[in-house]
């Protein structure tokens, strides 16, 4: 049973291989009557697009989205919204050497074993190119969330061992002003410098993306399995190269005592809030109205410009040469993907909560 | 739309409030013809049960599981398996004070706001009592997985800031020999000592559970959204108090270079393996045959035996007194829950992969 | 993959074999804050119960429903509602002869082949006893629908070749006043007489149940696959012995011309209505505000008190003797089941439509 | 929550409006390694296509399918298969008059009320053009079913009041040799003549399509809700204009006694079969190895070339003129759609049954 459908109420189905004809997405369950600006969708695509700066892969894909259905005279109609991106600039020859070989820490081996067949060109379905469809769908979700006052953003908070000094002191406005999408000016420079060095070595490096959701109403999240943070976690972990997810106090919080970790309730301007927010905006799996924040760990990109030992399909030892055009660090381009997945989770839960509303 | 159903093919539905009549679970999609030993189910229940040691809550619940359907003459029949646990020893009066007050970092506030009504007794549906139903279902899953050579275990790897020295050097056989369920003898003592101290303070402390799956065949996991680790992550994050999930190299791995992080493929005894296993047994969202390992962060239990400031439903400031019988640290009892959720994810993906098998 | 979960938003999971410990249901996704009267649930159970009149099976089952969760102080809480019925008066010995034999037109053979194992006692999961769980869930759904002005009823419109003269002239108030649940006084007597004759012959007879839904708002039904009538059809066809479903003009309507069949729109009291209602209250899969009506065909019960030729599990010819206590005609007891399934479909679509509502 | 996804394991998502840019489908869960012949897909499209004979609509759509993903070097890869058909020859002006008016027995009114907005051009999403995507997906399913020995076909068995004399005596090879797709030579001529007359009157007429599935293995169908015939019924009822579904003895069977209706089991060539087949190849919701047959009732097409009374969006009485190019009888073109939906249900259940297989 395939796993290419995401969401319960706002459901997306995606398709497409890296070097196939096209990739795309169908959204089923988008509520009707919302204005959608195609330019905003394209803006999100451009943030994810290869070739946008000197520190990302130099592949050239216009990533021009075509909307095929579900929007009439600028508004959603409640029927499925299909979007398509035709593939361009595929250099499939770059991949002919891996037809019968397994690149280390890639999905070549597992796809081959799982399905008994694989489209090896450019990684096929396992390529991160697939995430472009998520960004397109997320851009629709995001525009609708804005109508409900929900905003979200993400930024690079760590590259290698270089971290922003404090998540509490970041400058949101700076995120799109630097190629790393770091939210701290000084740190951004160090990060960019590190990535350039790593690329010169033909190597890659990992990093962390922090996501923040503001304006989320109280009540989103469906206990007991579809807790809001559980669905956010699944969404993030489904992004290529993501190895970990934490929200609120996360892994560090395990060292705290309950008396230190608990967030006291207070009333401010007639609204129940918490004095601190170690809960990360979610309690019992349900949003509590405070900012939701979370962090996603991304491993170093598996494709390196160095020769690596591996085996071929017959089990013979081989040396795989680094080829192609790849990212030295996935994190800068992961930022809009993290946002897109967060938007998809939020709109799904926003719509699911409507079922619970009293009339 | 409720969120009390988990899984796609081996689907469980759970029900029950902490102080209601009963809790339970229906499994739909369990394959027929497998022998099930009820004693093994009860063993798992006993591992999760309150009152099992001096460092957990002293509530007394027999947690006796009754199987109501789906098993005939000791074997699964392919029809739904229902299991029920009647609630006992509820001291609902312990909770009368929170009927109109919101305990800090509990789900009182969010449930009240989400649903407009809540069964406050013992936390109702938000109580960790709910996880007993998961353990019962997981115990069925686990017995079937054993037929396929898949084993899984978990252990306490950190309490507060006390960690096992190395996950590579743990002693699996020791896990059930100490109340903390730590896998290292020396560390276990320190952890137990810490938990006793914390309890004396009327406080609580967090910790980390490490899970390990061995014998998993290559090919489980459904790209692109239902990646094996994404579903494991969701499963773990859906457990009460879980704030983070990582697998393989996890958060620490972001500091590595690709050349350090990649796992070279080798052939051993005719089987493709990886020389290292920073991938954590999963590549491209699909199991690669190596051990799968992951870590789950649990925050300190929110209920503390200290007075805390909060607000009531009218928004008035109140002081909430710590009452009831609670765990000073959730981690020892979380170990069998982590195992149960892992078993449920694995059997679901084992069955899903059957669809892909060539004939 | 099991098929014991029904609905998308108001989802029910059922379990239980005819002669097992119990049968029951979990409802996930029931909206919070609705008052539920347990007596009304029991009333519906009693309408479906064996032994209620001289023309149905004389098995004695109290069918006493226990509510285990999800209702607090008389109101739904938004958490799963579990209900259980313990089995009584199972005369499993009546079924020992079919342990290794296949009753004609029963599910013995197909269950055995599908699963390789079966609980033969009383038909196991294939017994119509399973429908009691549906009626319990439907009784909850129905009470909530009433809050929205949606009413539904069903009646026996045909037994064998005896039909009510006109569905337009039926007397709804008479339905529960006769054991056949016919809605026409004269016809009811003929039907009852026929069923008594059939039973004396040790035989059985089929019939038709007509269902009617009034007060349904415009807009329920989700094109293109989950059309309202498609989900109603599936619901009815999933009831034991149901062989056909039609709505509106149904099979007879194929003989009409478009100019005869089309329902002209008119405005009455400021509301758009149709002058005729051959559409059966649904157009394009979406309710149009007119009465929804449909018909379900039920075959004669397969268990007859006559010897029948068949084969055993080894393929040897055998003669199966009619035994046990069975219904000579399923239709009178099918009426509340049809209503229950209709209620489940309607509430699911009522909740699904909330997603489309503009804000 | 949208309803544009069909199936549990072999899941299709469709999109597209009649006069939008394109329509299409994504298949998720197609098993890998099966050879797919694009020409066979196109053949099925051509059977559904407008303009194929003198008795169907004269719209001209090439209905050329493009495969965008999921097939590599002629074989399925296990990843999503996307197919697209760009729309051509839309004469949207033909529909400008219905922008603010509700055509009788069309979905104009219900879509407008449900969503508050609608793409009126050509009926938008409610147009039967949508079924082209189903046929494309069904053509993939069908090719895979053939590998398992499952064949299926359908034919026109009734138009208006003209019926084939006997379903037992039909000539399958004649179906594609006449524009009505009737399976009886004499009847076909009468039907064609009737349809021509009806069209001259500017009117339309209904009909019945009979479907037959041969070679189905024992064991498909998932009790209790996802019975094979329940899913077939839903599939057929989801096709535009379908008003009824019956299988096996259907509505006529209600007049029979159990002793007449039961199908005795026999053994032929070592295989358990039934002497008669009033069960229609399905018992207890599970295929029993006999031929599966069913019938679908289609109402007369709502669009007629006659003036009709209706109302506009403001509730004013209007006279709607018949315009555009439409089918006088939907049944000939419904035949391949019925086959496609049957194929989709069968492959879904074939794959679902794999979960139950013993190892």
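Here the chain labels run A, B, C and D in written order, and each chain numbers its own residues starting at 1.
Here is the rule we use: a contact is a pair of C-beta atoms (placed from the backbone, for glycine too) under 8 Å apart; a residue touches a chain by one contact, two chains touch by 3 or more.
From a predicted model like this one, the values you see are computed outputs, not experimental measurements.
**Student:** How would you label the chain B and chain D contact, same or different, if same means the shared numbers make up over half of all numbers there?
**Tutor:** Same, since over half the interface numbering is common to both chains.
**Student:** Taking mean CA positions as centres, which chain lies farthest from chain C?
**Tutor:** The most distant chain relative to chain C turns out to be A.
**Student:** I'd like to verify one number: the distance from the centre of chain C to the centre of chain D, where each centre is the average of its C-alpha atoms, in whole angstrom.
**Tutor:** Centre-to-centre distance between chain C and chain D: 26 Å.
**Student:** For chain A and chain C, what's the span in angstrom between their mean Cα positions?
**Tutor:** 46
**Student:** I need the residues of chain A touching at least two other chains; which ones are they?
**Tutor:** 1-5, 8-9, 14, 29, 32-33, 78-79, 114-116, 125, 223, 351, 355-356, 358
**Student:** Can you check the complex and tell me which residues of chain A touch chain D?
**Tutor:** These residues of chain A touch chain D: 1-5, 8-9, 11, 13-17, 20-24, 26, 28-30, 32-33, 66-70, 72, 75-82, 84, 114-119, 124-125, 351.
**Student:** Along chain C, where are the residues that touch chain A in the complex?
**Tutor:** 1, 9, 29, 31-33, 78-79, 147-148, 223, 351, 354-359
**Student:** What part of chain D is in contact with chain C in the complex they form?
**Tutor:** Within the complex, chain D touches chain C at residues 1-6, 8-9, 14, 102, 104-107, 109-111, 113-116, 125-126, 130, 158-161, 198, 201, 203-208, 218-219, 221-227, 229-231, 233-235, 237-238, 240, 243-251, 253-267, 270, 272, 274, 278-280, 283-288, 295, 297-304, 306, 308-311, 315, 317, 352-353, 355-356, 358.
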